[in-house]
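Both complexes below contain chain A, partnered by chain B and then by chain C.
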Partner chain A sequence: MNKLYPTLGALSVGAALLASGGDTVIASSHREAPAIAEDQYVDNTDVYAFISPQSPDRLVMVANYVPLLIPASGPNYYKFSADARYEVHVDNDGDAKDDITYRWEFKDQIKNGNTFLYNTGVINFLADPDLNVTQTYDLFRIDEKSGKKTRILHDAPVAPWNVGKRSFPNNTYEGIALEAVKSSGGTSSFAGPRDEPFFVDLHVFDLLGVGGAPTTDGVNVMSLVLEVPITDVAKDGKRPAAGSADKSSVVGIHASASRPQVRVLRRTRDSDDYGNMIQVSRLGWPLINEVIIPLRDKDKYNRSQPVDDVKNFGGYILDPEVPKLLNLVLGANCPATAAGGRTDIVGLLSPMGTAAADLLRINISQDQTNAQSHFPNGRALADDVTDTLLTVACNNGAAIRDGVNANDKPFTATFPYLASPASGNP
Partner chain B sequence: MAKPVLVALTVAPLAAVGCDSSEDLPTKPPTSIAQVAKGGFSSPTDAVASPDGSKFFFAARDEMLEPAIFVTASDAGSTPEVLAASTPLDMPIGLVMSCDGSTLYIADMGSELGAVLSLSTTAGSAVSDLGVTGVFRPGGLAMAKDCKTLYMTGRTEAGEPALFSMSVDGGAATVVYKGEPLVSPTGLHIDNDGVSWVMDHRAHGAAGEGVLFAIPADGSAANEVVSNLRMGTPGGVSLTAGGGTAVMPTRDADGNGQLTSVDIKSGEMTQLAAPSMIDPAGLRTARKAGVFAVVDSEGGAIYRAE
Partner chain C sequence: MNLHRITLLLLLSVAACSAEDRRSHPTPEPALPRLANATQDDLAHELEDADRRGTWMEVRHRWQGQVLRWTVTRQRALCRTAEACNVAAFPVRTGAPAGWLPTLKFAPGQFTALEARCGDREQCELTVEGKLEKLSVSAELPTNLELTGVTLVDGPKLARG
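The block that comes next holds the complex of A and B.
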């Protein structure tokens, strides 16, 4: 367990060993705020970051969007929005401000507008002309301090939807989808549908009543996956020495999505966009906006920047609603919140003396390996963050378990690591 | 208080662009800013000053959320009045005043293709459609030195970002410049040498996103003047007399409102803090007075800078 997080680490182990003090679950950041629930394609659901299992010199960042996707969702299958801007931000000096930004901009293509079909025949390869509806993207890296913007990939393909066994016979889907893995300048990238890696029981929203139902099994999500040399995100391009206690030994990661400030809907043609890009969704840690921020400020959270989190939302973190609800509804026997509030959570959000903010921070020092990349030191795909965070939220009292302890599909050992998406017609 | 913050950030060689010789415009960048009007309207997009600076005209939504053009005295605590509202106004987003102050020209992004409209500044007048063709979703407007030619930012029929010119009497618009590096041009000022100064929200310059371009009269290039401007929607820009300084409403790195002035020759930037402004946007000078009209689109207020 990472020594940076002794309190939470101990609790995490405890949660795995102790009997349940009450079963409940919550979704990481799926449809978590009123405004973003009306704009599904830019709803940021989860962020993961871990040292690559294939190379300890590389960092993997996953930003998932578009929650709870039913596989049989044709004829217009889910995609990324071509009008939006998707970004992963990296703070590498501990001030909770962006230093490096990776940006995805998507374009739509339709080969044949005279059919309603997503694909007009069996798809044998990614560039198959029978794949009628496609997307491509440009990937940029922006050095926020110098303003330098570098295009890493141009017109890279998005993996197709897993339409079904007639379109992808003989289990050919995954091989074709992985043709969308592209690399340039040491950066590997994948964009497309994947199996939803977050495991939860969404029955929790029926008055916290849960029974361990794996309600996200069999649903998909749209994933952006990057694997980059750690030196690409480290301060001054230098990976900190092993054991470094400097602020720059951890990087803080969050993802966001933005839309143009003005959209003009037309009666006779496509809409027009105008003006600034305005952030409409963001996410660092799981569950912060989901259960810590109350309804009145959830949209504000999505519009705001991490550097302002303490100013804007510090009170909610110091005195969260969750333990009170757990006691009231489930009789979870969470201890009363200590006088002075949950400064321990604030501490977890500010390791190594970094500014407290909702950033997924991960130690990138030279002694770090994939085995150490577990929440809250980054977040591995298999981490049961619900158990961990509910136990913390219960004021470190009874271990709270959600009854859903793993994803329905195994993750892979190779890029892009997430499991193949569920088929629309298995 | 104006405060120099940066010198020669990314100033383009100015041999390619012009310098204004007008004696009408303000001669120096603003050093103070004060709220003129707030309430009775929302979401203002652009404001212009009468030639003597005594009145401000601005586009916003009225209390019924209908698109409207307002007029107000430019003194603090003034109460705006509706000059015109509703159809054919749909989404007015850019304004410019005729040289004699008798007519407002309005870039309206709404309807099906967008339109350029005109409105007498006399109360009770009706809005007219100039029937311009060849330009789509016009955003920024500016008046040329001849007082007969309008310049505007918008899109070509093919969707390319572009700078156009057209007669104040309407008709077909002419493309002055189109395509890269423009991405989403908005605010516009044209100096007496015919150089168009164009704000672009999404263009990415040497120092970051948000660029002020200078496009010579012959449309031969779009030269980056300064970048990393955090501008509101729509962007606004005006030059002081002599063309020496570009003044733009922006936000600082922490999101605080300000007016940014850039000395075109030296690149020196100064900031006039406007902390009460949430999203400072459209900005225009009076033709014969040292007054700038500025809107706070998100805060729903009109400001006077001088």
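The block that comes next holds the complex of A and C.
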């Protein structure tokens, strides 16, 4: 079987895929830059945004971190970092600057330090005393213009790891995990492990040699899921009228993670952290840092802000490497980049006249429904962003496919929408 | 070593640094040679070298403040207004040698002139001159630069009405 599949005669270019609203969308960012690959717990892998399938007045935002997690990963199962700051940022006026920020801060708890066990018995409910290692978090909403910081949740529980059938007998895991869904002031929140929703053949990084292997099946990821009233993120708290063409009819979303600037390792006790929080990871569209930004600038990309993307990285978007590689390795017949560069991609990054930036933009005007939330108008969990972006990048009138077209587990119709994580001992 | 000795050493160190500063500042630095013919490719090469050698500050010192004349490509999508204008410094070839797109701040009337010259074209090639007012280079953050007082030197003929 050949690597990628340049399916000549298929629909027509990425534009058709993008316009179809069907199985479209973005890529992903697992271990995409050298520095963040060494700091797994703050590696932002994917961002999704869609109008809620349960209520068209609400927006769902998903930020995933900690890539490619093997379910049987005990005794110290994956979690969020208690030293880090996780954030989802919303630009609601089209200038590519943050207007609203949601921030998560985590705390670790160990009930019994005299055992190596994550849980010391069967877990029957989320607050079960036998669940030995737990995390809680505070969730804040920050209005960046006024500086007002509101705590939405305090000490909310993180869902536990799906350790296995002995710890969660009789398929009780998901019910217990969903006890971690908390709501306050109209905001619903979930934090914890989920099945990795991104589907791709990661053999693509072996000289583009993909053949439809579902390499992300069976692995988990750490998910932050929010569902908020659209008026909470809209400019001036007002949802734009149906059909609005104003910049404020789309919001631009990206996620980030930050760590304290200085860590001092101690010989006799745990380390200390000092200094300002430094952004170490960010993500809006999938695959931007993964395959658009070259190695020399990948770490710098993770430290920079979307508002500066054009002046910092615009050259890479105008003249991307991907179509050249597709031609070189696969003979994909991607046309030579036009003399003026890939302004079509710039256009996709700046809908409604918004400032071009690596933000996942979604239309929030009153006529929008869940059915319209497909990349690049937001990103649904089921969107096949790899195919879409490869097709857009090549731009030869044919669909380029990686051969993996869906997640191994179905997504759910109710919050938090992502599938239950794979069990460590099924 | 007791606290008094540490304090004394610190004070002496600070004093020594201050003295060094005073010694090194009275003499005005020699004027930089004008980089009249330096192109964006020259800057890209120097920045690539700085990547290996860590000479970011030397590059900035050498380039910032210089008046440069460069041929660039204006894409309408990236330069719609005088307040938000970035241009491509490199022609599309076999992959961009750098990610940065210079920010242009125009001299009065010059953005209008640019629009008149480029007409309806989605992209057009122009030769501009301006002062490299800001060159942000470091090991930590991406490179970007801003040319101010930008004037049009050459470009496409006036678009026909």
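As a convention for this text, the second predicted complex is superposed on the first by the 397 of 426 C-alpha atoms of A that agree within 3 Å, B and C clash if a C-alpha of one lies under 4 Å from a C-alpha of the other, contacts with A are read in each partner's own complex, and residues count from 1 in each chain.
Note that in this section a residue touches a chain if its C-beta (ideal position, glycine included) is under 8 Å from a C-beta of that chain, and two chains touch if they have at least 3 such contacts.
Just so you know, these numbers come straight off a predicted model, no measurement behind them.
In the superposition on chain A, A:269 makes contact with chain B only, not with chain C. In the superposition on chain A, A:165 makes contact with neither chain B nor chain C. Applying the stated contact rule after C-alpha superposition, one finds that A:203 touches neither chain B nor chain C.
When the two structures are aligned on the shared chain, A:355 is found in touch with chain C, with no touch to chain B. Shared-chain residue A:147: touches chain B; no touch with chain C. Put simply, more of the residues of chain A are touched by C, taking chain B and chain C as the two choices.
Of the two partner chains placed by superposition, only chain B is touched by A:277; chain C is not.
Within the superposed three-chain model, A:340 lies in touch with chain C and out of touch with chain B [touch as defined at top]. For chain C in complex with chain A, the touching residues are 51, 73, 75-78, 84, 86, 88-103, 122-123, 140-145.
Considering their complex, residues 91, 93, 109-110, 112, 114, 136-137, 139, 155, 184, 186, 201-202, 204-209, 227-228, 231-234, 253, 255 of chain B touch chain A. Those residues of chain A lying in contact with chain B across their complex are 97, 142, 144, 146-147, 149, 260-262, 264, 266-269, 272, 274-277, 305. The part of chain A that touches chain C in the complex is made up of residues 293-294, 296-297, 300-301, 303-304, 308, 310-316, 318-321, 324, 337-341, 343, 346-347, 350, 355-356.
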